[in-house]
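My questions all concern the structure below.
Which chain is which? They are A, B, C and D, in the order written, and residues in each are numbered from 1.
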Amino acid sequence: MRPAGIPRDLIAMRVARELEDGMAVNLGIGLPTQVANHVPEGLTVWFQAENGILGYGGIAPDDAFDQDLINAGGQPVTLQPGACFFDSAESFAMIRGGHIDLAILGGLQVSERGDLANWMVPERGGGSIGGAMDLAEGARRLIVAMEHTARDGSPRILRECTYPLTAPACVDRIVTDLAVIDVTPEGLVLREAAAGVSPGGVQSVTEPSLQTADDFREMTF
Amino acid sequence: MRPAGIPRDLIAMRVARELEDGMAVNLGIGLPTQVANHVPEGLTVWFQAENGILGYGGIAPDDAFDQDLINAGGQPVTLQPGACFFDSAESFAMIRGGHIDLAILGGLQVSERGDLANWMVPERGGGSIGGAMDLAEGARRLIVAMEHTARDGSPRILRECTYPLTAPACVDRIVTDLAVIDVTPEGLVLREAAAGVSPGGVQSVTEPSLQTADDFREMTF
Amino acid sequence: MTSKAFLSCNEAIADVFDGATIMFGGFITAGTPTDLVQALVERDTSNITGIANNIGIGDPLDNLCEKRQLRKMIASFAIRASGARQSRFEEQYRAGEVELELVPQGTLAERIRAGGAGIGGFYTPTGVGTVVAEGRETRIIDGREHLFELPLRADFAFIKAHRGDTSGNLVYRRAERNFNVTMATAADIVIAEVEELVETGELEPEAIVTPGIYVDRIVKGERHEARWYP
Amino acid sequence: MTSKAFLSCNEAIADVFDGATIMFGGFITAGTPTDLVQALVERDTSNITGIANNIGIGDPLDNLCEKRQLRKMIASFAIRASGARQSRFEEQYRAGEVELELVPQGTLAERIRAGGAGIGGFYTPTGVGTVVAEGRETRIIDGREHLFELPLRADFAFIKAHRGDTSGNLVYRRAERNFNVTMATAADIVIAEVEELVETGELEPEAIVTPGIYVDRIVKGERHEARWYP
């Protein structure tokens, strides 16, 4: 049986602990978006929206909706002091040129080599690439934030992705409702697991084999 | 003997008659610069300086020198209503992308095919390309404004340029102190000559043979 | 100078022809040329190839599907990976009635920039090792694989800015710039919709983002309060 | 957030090493990082490869030639075609003491942009059929010959803006932008000199031209009235 994981908001809080002062960070659509609401006290993080904002704050309350002040998912956002605007070509120059310290993207599947698939469910067809391929190639560090398993309980961390890739070998760390897993040249390393979840519990819903880190510990937020 | 030509300022005035309302025009260093001071009454011309200005006016009086408001030759300029600023990458995107209707450049030599040499005198070495190569490739129309002959009286309009090229087959029209000559697929066509100068007089200081246009006439300003 | 101002969107787009390729600026709710697109819907122009970042539920562009005016879209965001409500474009796409060329957003922006900047082509690492790279020319530069990409241009660009002057200079509000700025450089005829149209000289030179020479026609539209559809 | 402000130019450039490649913003008198260059002269750093639009009489960069700090310049404007007075750079160039790589200005700007934008290389028609093309890879695209150009990056960029905040956001005055804006994206360490240094939040978001994340260090310099040398 699949171990019980932490709620989505706690995944966002765990990911938010990866933020460092002064970082430029791009948040993908969906779960990653919530990270903006959990920036640790005292840190300044420059959230970049690929539609042309650097320095947005959290998601804006609904009654403060400004159609010209949205993130790449279309959600209304607020502005921090020092924010600025630019066009899409400049925005992707920033992304492709390695100026984004950290991208936090949602995932459908991640392979043991760190291949990411997050833009298309083949059964459903179509798909939307958006900025994901550029971010996966261009960001200095890439964290995938996702549910550990698909709705039917099948693993999303696989030996090989079966969905079309966003980029090969691009993921550095995976944060799920069950665990924090690093992609390393030696394979996947389990660094943390949710309270009450054992390494064996994580492995039972993960296709490739996980090494348990020497300093393996419980996820904290 | 070389026919007597018009003064440099009249060359600039003749070139200024090529300006049309709303045109984006880049003026090269030297003689072309003076064209900005002869815009026909009632026309709005957008002078582009490749260092990042669109919409400068004439050369500024010396006591109005602003080091941040210079043309690509370093000369102080004034601003017209509707002027704007941009960086060098954007400026050359504008030039290379075909958004400059007319470039007016100085010349050292022009060939009968319209090759231009204007950035280096081999005897002197070194040379400075500046924006000339991009302008010669990118502007929709290119007029060369120059003295008809070198200081020693030798022709500057040649069968082949002997100086290093700025760009091959880029010149549309040549305006000199003696004549207005078009580069056409059929060769050089003499359209106008300065008052008192005959087609034969122009030909005597021009290496390739000139066809005289059916509507050949005296240069006016 | 002759003013570039047009009195109505209908007049500003009067020569848009069947089969035209049209770039549409805007990103979801920000910087969308709503009135120009509506005029295109009313004009009934058909067989359009559209180039835009996105087409989805609530986008004015989706209205072009009502009378099947679109032949093809080149976009980065068109079909949702999640199973939410379908746009009309998505319905027509799934029925095989409209073509879709999906392009990574940064590659789309850079191809348009190249089209406007006289760049013959460029290499990007984006898309390497994905379906985007299938059958495509690649090159190793500095040890890293890159895809070769060609410039993109259009017959028309419909763009939106906050303020503009009668010479075509444009100023954007907040995140309105997105694809508008680059598309203004890459089409034969560029038509700008602005909320406020002022005389030449009223915009601060340092504040102008799109130089007027890029814009052929400018027309005052209305501000449409747009909502986000999650 | 930790402020990026440094108290002096000397401190801001303290880790510039012998043999470094340095981009210098500025175009003749506009947007030149005069105080940073002067600090470099005083620091005696040697064997520098400089990348700049121009080096000539009256340019602060020419002062680097006094103690022969330059090994090589990559520039578009360095040696005058006319026979006017020579800069120290020109003297040393003619004596074979310093190297010069002359690049068309638009190609120089675009190569720097590519270096900052993660573009692996690009094709430009500029330089085809000239000495610039000698021994170079060319390609016919859409019937027109193009040259292949590679990106350009540096260890450091010294840039100048009018105002900046302690997060590194920059605003330029008039034609100050020139190469400063693009160079800010293409060096490992970017050091900005500004005439006025303000707190983060004091600059209007729409007015910021260089986003702060590109700038590593910012220092207040003096305004130097520069003159044009015809």
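As a convention for this text, a residue touches a chain if its C-beta (ideal position, glycine included) is under 8 Å from a C-beta of that chain, and two chains touch if they have at least 3 such contacts.
Given the structure is predicted, the values throughout are model-derived calculations rather than measurements.
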item	value
Target chain B, source chain A, minimum contact steps	2
Mean-CA-position distance for chain D and chain C (Å)	33
Distance between the centres, which are taken as Cα means, of chain D and chain A, whole angstrom	36
Whole-Å gap separating chain A and chain C, where each centre is the average of the chain's CA atoms	28
Chain B residues counted as touching two or more neighbouring chains	85-86, 92-93, 95-96, 137-138
Shared interface positions of chain D, touching two or more other chains	110, 113, 117-119, 124-125, 172-174, 205-206
Chain contact graph, described as a line, ring, star, complete graph or other shape	other
Inter-chain touch pairs (all)	A-C, A-D, B-C, B-D, C-D
Contact footprint of chain B on chain C as seen in their complex	1-2, 113, 115-119, 165, 167, 169, 185-186, 200-201, 203, 205-206, 208, 211-214
Complex contact set, residues of chain A against chain D	21-22, 24, 43-44, 46, 54-55, 79, 81-86, 92-99, 137-138
Touching residues (chain side chain B, partner chain D) in the complex	49-53, 65-70, 72, 74-76, 85-89, 91-93, 95-96, 108, 115, 118-121, 124-134, 137-138, 164-168
In the complex, chain D residues that touch chain B	27-31, 53-54, 76-81, 83, 90, 93-94, 100, 102-110, 112-113, 124-132, 162, 172-182, 209, 225-230
Of chain C, residues touching chain D in the complex	110, 114, 117-125, 139, 141-142, 144, 146, 150, 171-174, 205-207
